[in-house]
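In the two complexes that follow, chain A is the common piece, with chain B as its partner first and chain C second.
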Partner chain A sequence: MNARTITSRFALTSGLLLGMMTQLPTTAQETDRWTPDRTAWGDPNLQGVYTFSTLTPLERPEALGNKATYTAEELAEAELQSIIPATAAETPTAEGSNDDNLRGNEYNAFWASNEKGRLAERTSLIVDPPNGRLPPLTERGQQIYDERVAELATRQVGEEPNIYTLYDTWEDHPVYTRCVARSMPRVQQGYNHGLQVLQTPGYVVIYYESQHDTRVIPLDGRPHIDSSIRQWNGDARGHWEGDTLVVDWQNFTDKQFFMSIPPAIGLRNISLPQGNIRLVERLTKVDENTIDYEVTVHDPTTWTQPWTLIVPWRADDPSYQSPVDLYEFGCHEGNYRMMENSLRGSRVLRETYTEAE
Partner chain B sequence: MRKELKLLCASAGGLLLGTTIAQAHHAFAAEFDAARPVELRGIVTRMEWINPHSWITIDITTDEGAVETWEIEAGAPNAMFRRGFTRDSLPVGTEVVVRGYQARDGSQRANGRDVTLPDGERLFLGASRPGDAAD
Partner chain C sequence: MIGAVSVCLFLMTGTSTAQVSDYQAPRLPGTDNPDLNGVWQVLNTANWDIRPHAAGPSALPDLLGAIGAIPAGLGVVEGNEIPYQPWASDKQRENFEGRLTRPLTREMNETTGDPEAKCYMPGVPRATYLPHPFQIVQTQSQVFIAYEFANAARIIHMDSQPPSPASSWMGWSIGHWEGDTLVVEVTDQTELTWFDRAGNFHSDALRVTERYTPITPNHLQYEALIEDPNVFTRPWTISMPLYRRMEPNAQLLEFKCVEFTELFMYEHLLEPSSD
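And now, the complex of A and B:
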């Protein structure tokens, strides 16, 4: 039996199993759920243009303990509070904005708030562990984290609050800044939160505005690629469980850092290698305009337990109403000056601080 | 609850002001100097609407009569469109006033903060956002 035969038999068996699974009776909770319409070939229809922007933090503030959701009143208040810091100092007026308020804070919440997604009803994106916070790192995870922090310190000059991180070589920039690849899963970014879901018989396609990444996810039960093959965007396999699309996602590479993305809206800059991570995504349409995007992160070499987050994908944001709202990403063309500027600027800073010593 | 929310905000603020955000700010800090604000009146010679950063090139005439070319970093096109720009806002030849912060090495580049159009309309340029070592 050659590999191809094995693959097709596996696919056939898995397909049958999956077919049976979709016939299983749904739980009471599921029957209460909003039911999505169907594609012409009978799959739940998740298609559309969405944004995953939200100001809800990844981790729940400790003061909120196990309070998992806001009441409607609390949500309105929290929404207001989340806007104030961005608008008080930085809303442009006829007289212009205040230099003093902006100085040193040029890239601040305003830019994010321009694409500000509403808060979710949940108080944090993390829903498990129940305290809404990342589980403790393993010994190895902590060691890598400490090494990263120590490495960073060797490239910093100045004193609080004016500490500058220097880029002595292009390799000091993260791979995303270098336009190589952006860490998956996409959870919180500064901007360009748009994405489009497309479906065909046997495939779900997710196109992300940022970095113009397209994930083509087969649904036919074929096995993952060999574990020796490592890819920037991993290797994903999907199937339906009732109306939920479940995707198993692995084969990532250590060259990428997991969720090493801007922390300005509450994310920690975790910067841990992604190679050992396995993700399980669950996409469920919960109302006409919302997909609950749930991701469980498995990596026993990094965290002491798996953890799960849910981000709402919303179809009702006026900025993202159709595919033409997803503008082309020309990363290199837009970035080459950044590279030159940051290398030159770092040299100026290093010289300045060396002379000062 | 109000108190609890304040706590929440204080806590979120703590996250924002923590080491992570400081680290994140430095994409700007390594490139541009917040202590060198510039105000440039010039003519648009090139407009690049490109994700993740747009660039506006302008020619300015100095007091001595010399022409200098400046490159201004601006935000992602879709972010700019949301702030009121249109594809026709900055055609070549438009006279604009740009305020921003000069490159740290003294070259004729700046991170744009806002631009004033010929009709007096002033729009935010929003080049990037903190954190954006990675953005």
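And now, the complex of A and C:
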């Protein structure tokens, strides 16, 4: 970071604080007027290829208080687009590495497909609570989190700055590294953040490039599958409220990890079991190229109150323009060597450090 | 003239699709195309062996008893024989013998064993006749298929013929309509998928031409022309009906099988002797 950048960042921060005093109309109010076209059978048409990659951090920097959006003046600051990623680094985006040794060497901006050239006016993805930050964990939630952090510590050897996380079995790897599943909902992925929305009478289908996961969402009012059937990607039921698709999403398995590769010490990360979580998604097309993807998280056993985030799904990103841009995600099919190297490497490291003691 | 066409079709397609259907499927709203949407599944034993085969014991009768034993099947290959080149017949038998070989080395993983046992994406046409349902999602401009097994999926490009960006497990699918038949050309598949648990195989030159034809409100006739000059002496065809899952609440459930194969694939990596 050179002196000029530091100076501009101070200038920008001051600008942001001043901007907090100005009340702006919310994004939702401005865009509610736009109306999507219809499918031949009369449903609002949400179809297209989108990316949910974003530079906006999950949680708002505390200094911004209840300020939900940047002002136009703030956005006009030339350095803004470099400030926002710096803020985003406070939140977990480095999915390829939950290992301290790798931090700082995560997948870099080349893999991201951000809103460069568009106004990223929101200061956080979380819109409720109004401070844009996660609500406090319940006692149980905190206990589970602490247990996971402690469990990870038992698998670490070495001293700063060379702490190594060991994987004594494939089950020590996060489920995403094992190519079993990826966190749902999909928010803040470092790469392969494309998806396609398809519609046919009675269904909305969401196909995620990463892990080639397909969610077929029935709209016919049928009940959820039996609560004894727990799935990595849960069970979804949708209906229309005006032009908004509302999806009730539950029946997750506790094996699934919520919005995270767990556990990541040192990151303000969420690494909690998903079994008790019920999500309500609201998908609203707010302009020709954007779906506002809103998710409210309900789990009174984990958080002291429900909370809500909004991620823009963008159809005008050069990386994701059509179904041709969605590549086959052969994860498990190429994972043998990773597993071989990590398990053997862990064993060698453990032997080395045991002998040293 | 109509009679001549019927005779011609009969000669071209053999016995299993000889009943040329007069059935007219309902149209997908907003299009002139038949509506193929639904959850579909085969009722056959082609995944055990696409050729005619008698019943047989499981690979682990001492552990499983009669569970997992091979059910007999009439076969789905037209003419009953796969026209292997001589070396390829031997290779198929070798595949079958080693079908449950655990991948103790990288090389073994890439050359030996049934990819189904490893939960690898099944490729086309095997994805169609695995004993799991799949869902055809037909929109006004596209067709997409989601498979329950390994949550495999593929996009069928209908409005253009974009070139394949890279070889892949489920291949590159380009579709068009011929009357009420959805025709899909599948190319650029890896050589690592098999046709069935019997070790029937192909190379990366495989070209599959699939035909999905509605024959009643609840059945599609599925046909796949198999071409691979590296392995076979001539093109050959498989065909079978696909049955609509009739449960009013039918839906794909998850079969994310990676976690079911990790012990099979990785257990040896825990033993120091493998270093």
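We take it that the second predicted complex is superposed on the first by the 271 of 357 C-alpha atoms of A that agree within 3 Å, B and C clash if a C-alpha of one lies under 4 Å from a C-alpha of the other, contacts with A are read in each partner's own complex, and residues count from 1 in each chain.
Keep this in mind: a residue touches a chain if its C-beta (ideal position, glycine included) is under 8 Å from a C-beta of that chain, and two chains touch if they have at least 3 such contacts.
Keep in mind that this is a model prediction, so the values were computed, not measured.
In the superposition on chain A, contact of A:Glu62 is made with chain B only, not with chain C. Look at A:Trp41: by the touch rule set out above, it reaches chain C but stays clear of chain B.
Of the two partner chains placed around the shared chain by superposition, chain B and chain C are both touched by A:Arg344.
Comparing chain B with chain C, the partner in contact with more residues of chain A is B. Of the two partner chains, chain B is the only one that A:Tyr164 touches; chain C does not reach it.
In the superposed model, A:Glu328 makes contact with both chain B and chain C. Of the two partner chains placed by superposition, only chain B is touched by A:Gln189; chain C is not. Under the contact criterion defined above, the residues of chain A that touch both chain B in one complex and chain C in the other are 327-328, 330, 333, 337, 344, 347-348.
Partner chain C is touched in their complex by these residues of chain A: 39-41, 47, 168-171, 178-181, 196, 198-201, 203, 205, 207, 211-214, 216, 218, 222, 225, 229, 231-233, 323-324, 326-328, 330, 332-333, 336-337, 339-340, 343-344, 347-348. Residue ranges on chain C touching chain A, taken from their complex, read 28-31, 37, 103, 106, 109, 119-121, 135, 137-140, 142, 144, 146, 150-153, 155, 157, 162, 165-166, 168-170, 192, 248-249, 251-254, 256, 258-259, 262, 265-266, 269-270, 272, 274-275.
Of all residues in chain A, those touching chain B in their complex are 57, 61-64, 73-74, 77-78, 81-82, 85, 92, 94, 96-97, 99, 102-112, 114-115, 123, 152, 160-161, 163-167, 173-174, 176-177, 189-192, 194, 209-210, 260-264, 266-269, 319, 325, 327-331, 333-335, 337-338, 341-342, 344-349. Per the touch definition, chain B reaches chain A in the complex via residues 1-2, 4-9, 11-13, 15-16, 20-35, 37, 48-55, 71, 73, 75-79, 82-83, 99, 101, 103-107, 109, 111, 113-114, 122-124, 126-135.
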